[in-house]
Amino acid sequence: MTPLDQLLLLSALTVVVPLFTGNRRITGPLATLLYTGQGLLLLRMAGLGYGSETPVSSAVSLQVLGLELHWRFDALSWFFALITIGAGLLSSWFASGEWAQRYRDSGSSLRLFHAALALNVFTMLVLLASGELLSLFIGWELVSWASFLMMSLGSNTALRYAMRYVTYAFAGAMAVLMGLVLVYTRTGSFEFQAFRDAVPSMDADTVWLLFGLFAAGFGVKMALLPFHLWQAKAYAETPGPGAAFLGAISSRMGLFAMIVVLVQIIGVARLVELPVPFTFLSGRDLLAWVAVFTIIFPTFTALRQHDARRLLAWHGIGQGGYMLLGILIADDLGSAGGLMHVFNHATYQAVLFMSVTAVIHRTGTSDLNKLGGLVARMPLSFLAMLIGIIGLAGLPPMNGFVSKWLVYRALILEGSPLLFLGAVIGTLGTILSVYKLIHNTFLGQLRLEHVDIEEAPSSMLWPMMILSTVVFVTGYFPGLVLDWIASVQAAVGLPVLAHHLGGVHIDKGGLDMIWVVSVLLAGFGVGALVFLSGNRSKRVHQLDNYAGGHFLTADTRYQYSDNFYPGLMHLIGPWYRKSFRWLEGGFVSTVDTVSQLMQGLYRHTHPAFYLLAVVVFALSWVMGGD
Amino acid sequence: MQRFTSALFLLGLGVLIAAIFRNMDLAASTPIVGDAINAAAAQQVGAANFVTSVVLGYRGFDTLMELTILFTAATAGGLVLGKPRGDARPDPEAGLVLRAGADLFFPLLLVVGLYIILHGHLTPGGGFQGGVILAVAFFLPLLARPGTPMSHRAVSLIEGLAGASFIVIGLLAMPEGQAFLTPLLDKGQLGSLLSAGSLPLLYIAVGLKVGSELAGLLAQLAATEASD
Amino acid sequence: MNELVLMVALPLLTAFLLPVIDRLSSLAARWIGPLVLLLTAIIGLSAWSQTGSGAITIELGNFRPPLGIDLYVDQLALLFALAVTLGTLLLWPAEGEQRLRQSTLALLLAGSGSGLALSGDLFNIYVLYELIAVVSYGLAASRGTAAGQAATLRYLIVSAFGAALALAGIALVYQATGTLNLAQLAQLAPTQLNNGQGLAAFVLMLVGFGVKAELFPVNTWVPEVYATAPARVAGLLAGVVSKLALLIIVRLLILLFPQPEALTVMLVLGILGVLTGELAAWRARDFNRMLAFSSIGQLGIMFIAFSIPGKAGVFAGLAVALHHLVVKPALFLLAQRWGGSLEHLAGVAKGSPLAAALFILLALSLIGVPPLPGFWAKLLVMIHLLEQQSSLYALGAWIIMAGAALEANYLFRVASSFYRREAAATPPAAHRTGDLAGASLLGAALAAAVFLIVPLADRIEAMAGQAADRDHYIQTVNPEPLP
Amino acid sequence: MDWLTLIIVVVMLASAVAVLLLKDFLAALAAFSVVSLGLSVLFVIVRAPDVAMTEAAIGAGLGSLLFALALRRLGLWRARDRG
Amino acid sequence: MDTIIILYTGAFGLIFIGIAGIVLSRHLVRIIFAIGLLEAGANLLLLLATWRDGASAPIIVGGRVPALMADPVPQALVLTAIVIGVGILALALSLALRVQHAWGTLDMRAIRLRLEEEIDDAAGIEPPTSADAPAPRPTAPATREGGA
């Protein structure tokens, strides 16, 4: 039994255990413990993450229909598995204490929740371990349906969007299946290596077809434009810790598969050679532009949300664009940035979802228009969210800055100013909307109904604090993550990024986060000194205030949080997002019309007429040969 | 519109049928199996009427299935029509001529039917043709006196036992390692009444089965309430 | 091996005697049918191992083929004979006051279905096909509603029309060859049926037998009949009878008509079947008709698969057919109580969680989600379609994919409505134990197949190899050479 | 012989068309019987006496009887087809 | 003109007329008539398949074996087919009887519409309103009023 087998076995066990322990209090801690075990087993394979070992293969292999199925872990899988298990561990921890009690009391099945979470982790590990295209597809489908299970645990709205997700995901899966069967008929094998060997001899049309099928199929899971409509609401309505988990890692599985097929096998170089007809673009440029629009549109959609979870979920879509963009640059800097963003995004996105869930746990709402001023009541949650949004906005000293910097830098060096511009516009939107998030939740006037609430329970705070620490530490010492990235790059066949603990050193201006953060901290220190040495401020109650010469009573709103950024909204509001809705709606109504036509076909008054018709057609076709 | 399209397709069909007909090589058809049967049937089966040999011997399985179809049609018909309602208004009794005719013809038809059945292996005719005559014989009284219900018990008993006996005769050979429906008994003298082994027995079964099924079908249709 | 005839003869015998038995003891009449089917299933199973290495022939009446009728027993035929027997047993359609007649018809279905699977004579196949047709009319109308009878009548018209054309096709074949034995026809086919007349005969038989195999476009009866017949009967028709008709067509294709034109006709009709079936199902608003249209689509996939030349096509088609053979009856067993508007099924999972879970399992397999058996079947079809390197076959593959995506949408729209929080105003009654147990049994078989996929695939491949081998068929039957 | 065949075929086909065209169902039934009878004579001509008997008894006799009963029960005994 | 061509013309003619009748008629009884014609044509076609001029009936009368006998196989087949035909005919008429009884019509079009309506009713589907259905349902059949 190889370490990989042990890991998968333990992961499978984690699925089974909640089914037996059921709705008891012990389920959460037990699951957390099991995830810790998985983490430890994964760390035993740490050599993969540091690039010193050959892939760990599983002892299990199957021969079905003459097709060989096998599984293995390389550095890429290890990297994604680390994030997966980490997210699973912390989400499960988060879902152990008071949250579990509340969830159970509301009549939902804790057993099902923990089993679904563990199933997600397990299926993702299976996907990550896939050793050829067929097991990749199997893993892919397992992941899709596991996350469908997770989503459908939520409200009716979640069920509706989960339904939408299934439609998109299965259509995407069919595209992938078509692609890999095409590969099989060309190569006679599902092995990665056989595919890779066959790519140079394929003509442009075939590569285009495969590229389109795989990119569309995997893109659905990543919620690339125009297949993004399902994701935000489906994730947002999932039960809190589940949303944290899905937001952190689920849609990155699409990226993983895309890296495997488009980067590792077909190769970005081949995509660059593919011309888009009638334009000067290449296949890669096309996808890169899709990535950029995936950054821009969902990010500005996020800006319009007034539900904290939806806002975050829309951002999750946008951030995926950075990762894809970085990886498509395919040089050492860009791909490192893209890969690192996967890790970074998982950390801060989980923190943000958790902190929002903590707020919901205490206040019962995630409507940004009904919150405010909670910083005085939930300071630690505030701190977690603050760290999270700094990471999300890509500002120093958090880790989001490093990965985005790498991507920007690579774009500039590669000479794609327009793509760069698009990415920056996206970041602008991010900054605006995360400010809206933290302002409306924690800053401003405390609502009367929230006066008595307390800080989130410790079972929630611990995961948040741990993740916040990770966000900060990997921002301070990005070299910790870049070590793993480098071995992933080696495993995938990309140029390896030369780096050090503080960042990278390149000729045209490197990045040393130790220095940057230290200066920043020093600046904060100076500021704090100035602040402390100034006049002592007087502490007043938040409601002890007046305006226009009148004292304000507690029930007067003197600070409003709805209709944020009215000018900007007025500017961008009318002409985005609707178009995709329209696209989807148009497609659905086309199917509907055709479907009605077909039903009409089966409603013929006189079915014998068809018999005559088909006999005449078929006879004239077969007799025509004579 | 639809009739117009249908007519168009029919036109096409006509052309196609003509094409098939023109392409058919009428001379090429040689009944290889038929000739072989004509050559061998006298010894293998022993019936003077080779069609009977085929119907009950070579293709006895077909015949069994055909009986089953009749049985099925009668069962399904019964299922569809259901039990005749008690308040159904019976047809008025037929006139004197028909009644007298029915009385007169009943025994005559019975005899003719049985004769045709029993000579099925010798002359044209047999279980099917005789069975129809039996069916009409059974049905005639009903037509003449609609009030009197036909004895469904007797009919269903006959149809069950007749069908079963066909199968049982077929099965009898099996304990000796022979195949299903292997002809039994002595072949006898070709052309005599007691020849062709078990074939006459089978034809009696067929005749009774066909007769009872068809009579049942007729009775069902006749007993259904008129809908005017 | 002679005792295999009992698979046909015993149910018929019992059916003939059932009214008599009922008069003696109605309790015996109630139980003897299932018992006899169990017995015949055991007979079939005990013969199973003997057919592994090679097929055998049973010469009925001790007449050597081609003079007499023979039964050809290979694994495929035996499997279908068993399937119809066990399927009838599982979906035993007798209920209500017409119980006796229904069980008679069920027995007839099992017997004639077994015969149809085993028969090795063209005209005998026609007779058995008509027999099954009449049985299915009876069963389809057995609910006794006017709608059911009207639907059956419309079905009967198409079916009788088709059967008469098939008979004309058989006449054309007989005119060209002078024989009806399939083995001898296979010998003569390359010289005497490889022409326009042969193809015309094929088209006539394809359309004729295709009525029951839900071939587009002679399948308009499907939604009407499945919506009005008892659900168990619909399960039998969709699950078992359609496959039997398909089996005949495949046998004819392999033995008599290997011409590419014949395959192309089937391919095109299959593609249209998938397209229309899945699209029509998308808008279906009641459970039965959704299943009916989905079954049309699935049968379309089978037609596409069987149109792939050679063993590969038989293998792929067989895989899909066997999968559907398990899934559709189970779904119709659930439809026993869930038939009717889909809106009534909202929130039904709370009351019957097992049925809802079963539906999801079956739906997942139906759309081909790995690692369920449906996926492997679909993968096989896809691979062999694309391997043909022909644009028409590739089109078939694309259509199958698109159909699966549509099917996922409408099946899971229903599945997710099961889990809606607020229940429908008039929720359906709970399933009867018998229905649920039957569906669970089939579901369990499906789940077990996940783990047995490797040996199963090998077995089916061997079966397909045996069935696709014309020479093997000819040698097994070994018809007497005639001048 | 040819002449006889030809006449019978022509009569048969004409009656077949009449079955479809006659408005009166009873008349159509009569035409249908004529087709069956013609067919059974044809069967005799092609040396198939067994089939001829069957066709006469079942096709012409029993079939017509069934139709007659059904027409009576359907209330179409004297009705005319409007379509 | 050859006898066989005349005979074949008769067979194909019956088939054609039968098909025409099935497709063009709207009244169910007439369709059933047409099916009977089609079956008769198919039977004749089958019987003619191996027909040879001058052959005698396949019966040995008085021990004399004729030199050329007709093929007994298709005769047996047609025998079977005729009986099958009458069975189906009876069943079709029974069904027609019930339908006429329940709905008072045997017009294909009226039956189709009524059937659709009854299936929807039985399933508990309300007629779609204009809000969610792009096209209106076909209007109720006019023939419904007439009949039992």
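A, B, C, D and E are the chain letters, set down in written order, and residue numbers restart from 1 in every chain.
We adopt the following convention: a contact is a pair of C-beta atoms (placed from the backbone, for glycine too) under 8 Å apart; a residue touches a chain by one contact, two chains touch by 3 or more.
On a predicted model such as this, the values are computed, not experimentally measured, just so you know.
Peer 1: Using the contact definition stated above, find the chains touching both chain B and chain D.
Peer 2: Touches both chain B and chain D: E.
Peer 1: For which chain is the distance between its Cα centroid and the global protein Cα centroid smallest?
Peer 2: Centre-most chain by C-alpha means: C.
Peer 1: Between A-B and C-E, flag the pair that has more C-beta pairs in contact.
Peer 2: Of the two interfaces, A-B and C-E, more C-beta pairs touch across C-E.
Peer 1: List the centre-to-centre spacing of chain D and chain E in whole Å, with centres computed as mean CA coordinates.
Peer 2: 14
Peer 1: Quick one: report the Å distance separating chain A from chain C, using the average Cα coordinate of each chain.
Peer 2: Computed from C-alpha means, the inter-chain centre distance equals 45 Å.
Peer 1: Give, as an integer number of Å, the spacing between the C-alpha centres of chain E and chain A.
Peer 2: Centre-to-centre distance between chain A and chain E: 63 Å.
Peer 1: Could you please state the distance in Å, as a whole number, between where the Cα atoms of chain C are centred and where those of chain D are centred?
Peer 2: Averaging C-alpha atoms per chain gives centres 37 Å apart.
Peer 1: Give the residues of chain C touching no fewer than two other chains, as numbers and ranges.
Peer 2: Counting only residues that touch two or more other chains, chain C contributes 123, 127, 130, 134, 137-138, 141, 149, 152, 154, 157, 161, 165, 172, 175, 178, 180, 195-196, 200.
Peer 1: Give the residues of chain D that touch two or more other chains, as numbers and ranges in rising order.
Peer 2: 48-51, 54, 58, 62, 66, 69-70, 73-75
Peer 1: Note the residues in chain A that touch 2 or more other chains, in rising order.
Peer 2: Residues 592, 596, 603-606, 608-609, 612-613, 615, 619, 623, 626.
Peer 1: Write out all the pairs of touching chains, ordered by chain label.
Peer 2: A-B, A-C, A-E, B-C, B-D, B-E, C-E, D-E
Peer 1: In their shared complex, at which residues does chain A touch chain C?
Peer 2: 62-65, 137-138, 141-142, 145, 152, 155-156, 159-160, 162-163, 166-167, 170-171, 174-175, 177-178, 181-182, 184-185, 591-592, 594-599, 601-604, 607-608, 610-611, 613-615, 618-619, 621-623, 625-626
Peer 1: Under the stated contact criterion, what part of chain B meets chain C in this complex?
Peer 2: 16, 19-20, 23-25, 28-37, 40, 44, 57-62, 64-66, 68-69, 71-73, 75-76, 78-80, 82, 153, 156-157, 159-161, 163-164, 167-168, 170-171, 173-174, 177-183
Peer 1: Spell out the residues on chain D that touch chain E in their complex, using ranges where they run on.
Peer 2: Its residues touching chain E are 1-2, 5-6, 8-9, 12-13, 16-17, 19-20, 25, 28-29, 32, 35-36, 39, 42-43, 46-51, 54-55, 58-59, 62-63, 66-67, 69-71, 73-76, 81, 83.
Peer 1: Which residues of chain C touch chain B once you look at their complex with the stated criterion?
Peer 2: 2-3, 5, 9, 12-13, 15-20, 23, 58-63, 66-69, 98, 101-102, 104-105, 108, 111-112, 115, 123-124, 127-128, 130-131, 134-135, 137-139, 141-142, 144, 149, 152, 172, 175-181, 184, 192, 195-197, 200, 480, 482-483
Peer 1: Residues of chain B touching chain D in their complex?
Peer 2: 49, 51-52, 124-126, 128-129, 132-133, 135-136, 214, 217-218, 221-222, 224-228
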